[in-house]
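Notes to accompany the following structure.
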Amino acid sequence: MLRPRHGLSDLIFIVRNKSRSNEFLLSFDGKCCKVLHQYCIGWLARAIAVAISGSVVNSSMTREYSTRQLLPSLILLLLGCMLFTGCSKAGASPDQPIAFSHRIHVENQIDCSYCHDYYEDYDVAGMPPVATCVDCHSLMFEEEPTADLEKIFEFADAGTEIPWVRLYELPKYTHFSHKWHVRAELDCQTCHGDIGTSDRAVQHMVYNMDWCMTCHEEQAASVDCLTCHK
Amino acid sequence: MKRRDFLKNTVVTGTAGVLFDACAPPGSDQIIPILIPEEEFIPGVEEFHPTNCVECPGGCGLLARKMDGRLVKIEGNPAHPISRGASCARGQALPQAMYHPDRVRGPLIREGARGAGQWRNVSWDDAIERLVSELAAVQEDPNNTLAFLTGALRGHRLDMVRRFTSTLEATRHLVHEPFGDGAVLRAHALTTGVEEFFAYDLENANYLVTVGASVLDASRSPVRFGRGVGHLRQGRPGRRGKLVAVQPRLSTTAAAADEWLPARPGSEASLVLALAHVILRDELYDTGFIENRTSGFEEFRARVLADFDPELVAGMAGVSVETLERVATEMAMYGPTIVVAGDAAVTGPRGLGTAVAVDHLNALLGGFGKKGGIFFNQDPPFSEWPSLETVVPAPEALFANLTKESDASSGIRALLISDTNPVHTLPSSAGIDSFLSEIPFVACFTSFVDDTAQMADLILPESTPFERFDDDVPSPSVGIPVATLSAPMFSRPLYDTMSMPDVLLRVAAGLGGTVAEAFPWASYEEALRAAWSGLHAASRGSVAESTERRFWTRALAAGGWWDEDVALNADCLTSDGLYRFELPALESIGLDMTAAGDTSRFTLYVYPSTAFGDGRSAHLPFLQELADPMTSVRWGSVVELNASTASELNISDGDLVEITSDTGSLRVRAQVTQGLRPDVVALSAGQGHGEYGRYARGRGVNPFSLLQATTGSDLSEAPLQATTVRIIKIEETS
Amino acid sequence: MPTWGMSIDLDRCDGCEACVVACRAENNVAPAGPEQAAIGRAVEWMRVERHVEGEFPNVRTRFVPVLCVHCDDAPCVSVCPVSATYENPEGLNAQIHPRCIGTRACAQACPYTVRYFNWGTPKWDAPLEQTINPDVAVRWKGIMEKCTFCVQRIRRAKDEAREDDRPIADGDVQPACAQACPAEAIVFGDLDDPESAVSKLSESPRAERPLEELGTGPRVFYLKEGDWRGSVGPQSSD
Amino acid sequence: MLLAVIAFGGFQWAHQLKEGLIVAGMNQPVYWGLYLTNYVFFIGISHAGTLISAILRLTDAEWRRPITRAAEAITVFALLMGTSNVLWHLGRPELIYIPMLHPQPLSPLIWDVACISVYLMGSITYLYLPLIPDLALLRDRSPRLRWLYRWLSLGWQGTPKQHKLLERAIGFMAVAIIPIAVSVHTVVSWVFAMTLVPMWHSAIFGPYFVVGAIFSGIAALLIAMAILRKAFHLEPFFRPIHFNNLGLLMLTMACLWLYFTFAEHMTVWYGNEPDEVAVLNSRLSGAFSTPFWTMITCCFVIPLCILSFKRTRTIIGTVIASCAVLIGMWLERFIIVISSASYPRSEFMHDGGLYSPALVEIALTAAQFACFALLYIVFAKLFPLVSIWEIKEGDQTELEAELTGTAEARL
């Protein structure tokens, strides 16, 4: 049976993705990322990405990319950069309302589930309400108050939640269950990179179908479209 | 080349646009949307909250599916005896009523002239203050009366209103329900002493005859009857029941039926008695039942055998003698048989007669108390609210009569309206407009500014069943005591709304004195708990718990209380406990109906719509978009004409026609059908709202504007098949 | 691995159209609005077709609920140039929205006319979009959509079964239409499981598969109307 | 003028891109409308050139020499117009490249894509090759645009070797192009015939479409010739004999076409399969009767009356006939696409909407015809529409000066 292999992928990811495969692309990678950070806008990036991912996905089984395949993509990309200005959030590390450091929390032996309390039982990992932050921090008398800590309490007093800026977002037409991926004993790093050891949340990668499929195939997980597409 | 550039640009912009639509998902880049401070929920995890349906008398118990803090779907409550996990089209569309863009979001006070539709937002405190002062003013002058107009309320909502009207001085409780089937209830009262809809054991019946009642589409309880008929057909291997429909139009029910008897409107009673005639003549009736449990049989037999010979009736009803003979025999031979009357057939001058005749036919077949027959409702053992030394309330009256009384409104100084829309569903000849305009103060409890609320001075936004405490005692039921219970599924209402009973409580408190004493509860929830404590005390049925508190929580979680183990009963409550073959009610029935003299006039047949009922669901886009099962019409209405009639009038499908009655006229597209008597034209109720939110406003036509209001009758306000109309073609279909 | 199928008892069906609205609500099918509906652009993954035969007063009527029959050998699958529609291992004929380019070849090829095209962007007047079911994607303009046998419910049922690590049982999955049907006319289940209600019904002498002669191998079948014969004989009030 | 029409079409298309196909007239069950009709129609026209000229070339019909190029030009432009319809037709034109990237080989649409792209390449080459010597001629004689001609003529010197090579190439292309051309229209027909739709699912659709294509092709060619003849004073080249011969060819085609049409409908009528008969009736007496009978008149009656008699088989006569045929053939495509789509299997689609094209569809159709004309004129302006060297080759006594004279006069 023919299985469609195609997804709306995000530009940066494809480029980085290639960067892992051979160095011809490294230079390409460098240039592109710059170009993108200066110019590219979400929607057009996607539009272009469709083209690129297309040419990439073709050979998604053998993970090599020839110049020929990338040519149309490049042309489209440049067209995009010329026509639109803006900034892609992909791969970037947006400023969060509070300079939150996963490292510190991890070093203090705080389990993922303390804040992300659904991560092994539900479809989403979950984000802690400001109350959770307050619970702990109001108890730590010895820690010297910093501006960021103050902010926590400001938000709490205002009765509003902390407007964390989203790093990872899957398309609305996909179904993803965090639970089963955790239970499949994947390392957090596989998807979230070195978040646990970094002070600043950086988007490890933008998940595209190409990447999901590869892993699913390696893990012998279901590759039926309806497993993820809704 | 210019063209190429031009196109390139259009392509790019176009493409961007396309992609924007394509990729734009609801929700933003912020993570906030998945964090609702008050209502903790886990994204992707579904919750089900039991609730009750108030769209029709069916009274289904429902489950509301809540996801990500939103109400997203309605499902039947599998445990509930009426719905058994199923629901109808109208029930399924309910979430749209809660999130409707045109819902009233807070109390409104009229600005400018009545009906001008200019409103000022006020706080609940101000609104209630206004209400209290108005009512207090009414109370001061003994000549003044206050009227509380409601639809056919059920459960403790009704008790609250009754209690309110009976504690206040000179207050009347008026009722308006266009498809109320008042005659059926009266008939039941006359023959069995039980003034409630019967419970039918359809699952075990073999033969079901509906006289006028479109039990499967809109009237009474489509879900309960739908399940029953399905079971009657294919529920029992090797045993397939039969469904016969007697009505002038091929309704969804008649279409689903095995046999359709298109009886002339008004001849139903005679037809039923002709069936009785055959059964009596051939002595096919249930002698055991007749002898032991009925009275007045002989007189009845004499009358029927004398007057209702099929030979005579057939011509008048337009149903062949053979058919009458055959159906009558089948009914007797292949029982248990159930006969149900309702809708248009039980309205108008002969309405009561029809309903009584149907009861008698059931009695002849010994249907009462028999497996696969008829049983009586049993009320849940609620505990009484503290009794009060009341001023005896005026009996509940039909609204239409009041509006017709000469100095009708003179006495009435203030009118409260809840759960009904008389401006839309009363014949315009009832003079409702002038009636309302003469009343100094009109307040409406409603979620939407509908045709009636438009005429009000004060609008008190009602909460949807998903946002309020409510209970319900379904009628018609299934013979066992059933009480549905629903609690708000959100920590607070979506908008600044309050449910009618809660408002009454606050008003009572505001009025003080005996009224305040009559309502000793802080909230409607408390009042309900007080009543429901009786069910706990009974310690039987689906929810039995040690403490009253735990009972309440369990009942809320289960969506109500019912007792499946109770023995079904059909013991008549007449003085002598016998079924009474009531004759006087049959006097109105005769064979005097000759073929209509004036062939240019047709009988207008008005029926409740599958999607909208009497029109209260017309504001929901899902239902407007729903193609009618029989006419396939969406977002509008059509008038149905028999093919032969149409060809005579040279009208073809889609032509615009004008229908004129003595009281009004309207223009609507025609639809030619085989499923209608040639001397009848059919219009569906429900559409033609002047005001009811953006989806209903100005859609289709309202047949009630053509009807002649009946006066004097305390059973029905409009004869749904007694008005005659003329039809002329206005323009060809395009 | 199950093979999902559905049986619809035309003898039970009374055309109440509860299934139609249930399907809309479950699957986020936006109303097309008066103008569009008038020119045949209303989308109803599940619709009730009415067949009226005969002349007054001898009129026979059948209601036929029509939805995607999830063919075993589907005409729509083979014509799609980009395999946006395909048949999954469990016998669902799926439409993968992001892949669809809108040639409408599948719609034209489908003998049952149960594939629907998004002529424009589906509209939800705020706050009606609050009723959108998060389990189901909201479609956008220019793509096909169709009945999925409520795959989101199948997914949930599987998830629960996997949770308490048991095989998925008959009746675990109920599509919105089957669930809503008061007459219990619609039965859904695994055709491979000989014990399941649906496969038992598929053996019924009344069972007929729509347009089977075209070789599409539909997995939705109808139980045709039985005739009432006075065969039950006089019933004692037992 | 033409530009205006085209611009309006473009504007309408932009509108459609923004709003989606909601602005077009299509509905359920008529998912395919005017766009597909035009697509089939233009691809049909495209058979004018290549096939005709190729056949004639192979059969060495002497009279073909002047008309081959005019014909081949039609092919190329008609193809461009035809394929462009796909853009309007798609729900998401921005993804039009996906079929190339991830083809689903079982889909007739993919076969279509393959065949047509090959055909396009082929016919462009086939137009280009015979052009080379003339380009060289222009390079040497033309007062302007010499750089262009130099670039295009690939250093043609007219040496015997080059001639030999060219002849070989043309010969090969002529042979190759015929099967391609046939396959193209067969495949186009299969887009319909491979479905189970009533009156599409038919075995003779392939040849039926091919015949129709050649038929309309000839008509288009005749009209083009007539116009050019007037516009560029090509009377010496496009002689009545050409119109006469082509007229006869068209007559044969008309008969052939009628035969197929008759066979097609006869089988349905006799088979009496309810769903198919529904469509048939709609054509014979129902909603589509007017276009249907117009089609019969235009495609058969009129051509027959005019072309059967030598007296009426004049230039004017053939042109009138051709116009009729073009209209008729367009109607045929329209009827085939729409009428079948409008009557799906009755049991499952009761209230289907009947199709009436919306403004955007009409505008785009007009724009295409305009664009076609425009391209053709531009081509005529830049290149000799008569294959000078072939005529030379054919008739040595012809005065070269006269040719080049006219050629220069034109430039």
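Chains: A, B, C and D, in written order; residue numbering restarts at 1 for each.
Simple rule for what comes next: a contact is a pair of C-beta atoms (placed from the backbone, for glycine too) under 8 Å apart; a residue touches a chain by one contact, two chains touch by 3 or more.
Since this is a predicted model, take the numbers as computed values, not measurements.
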Highest-count interface - the chain pair sharing the most C-beta contacts: B-C
Chain whose mean Cα position lies farthest from subunit D: B
Identifier of the chain whose CA centre is least distant from the whole-structure CA centre: C
Centroid distance [mean C-alpha coordinates] between subunit D and subunit A, Å: 51
Cα-centroid distance, subunit B relative to subunit C, in whole angstrom: 30
Rounded Å distance, subunit B centre to subunit D centre (Cα mean): 64
Subunit B, residues touching no fewer than two other chains: 15, 18-19, 21-22, 25-26, 43-44, 627, 632
Multi-chain contact sites of subunit A, meaning residues that touch two or more partners: 2, 4, 6, 8, 47, 171-172, 177
Junction residues of subunit D, two or more chains touched: 20, 92, 94-95, 98, 102, 104, 106, 350-351
Touching residues (chain side subunit C, partner subunit D) in the complex: 36, 39-41, 49-51, 64, 66, 75, 78-83, 99-105, 107-109, 111-114, 116-121, 141-144, 210-211, 214, 216
Touching residues (chain side subunit A, partner subunit C) in the complex: 1-4, 6-8, 171-173, 175, 177, 180, 224-226, 229-230
Residues of subunit B that touch subunit C when the two form their complex: 18, 21-22, 24-26, 43-44, 46, 67-68, 70-76, 83, 85-93, 95-96, 99-101, 206, 216-217, 222-224, 226-227, 229-231, 233-234, 239-242, 250, 252-253, 255-256, 258, 260, 262, 330, 333-336, 366, 370-373, 610-611, 621-627, 629-630, 632, 634-636, 642-644, 673-678, 694, 699
Residues of subunit A defined as touching subunit B within the complex: 8, 43-44, 46-47, 83-84, 89, 118, 122-124, 126-127, 129, 159, 161, 163-166, 169, 171-172, 177
Subunit A-touching residues of subunit B, taken from the complex the two chains share: 12, 15-16, 19-20, 23, 25-27, 29-32, 34-35, 37, 42-45
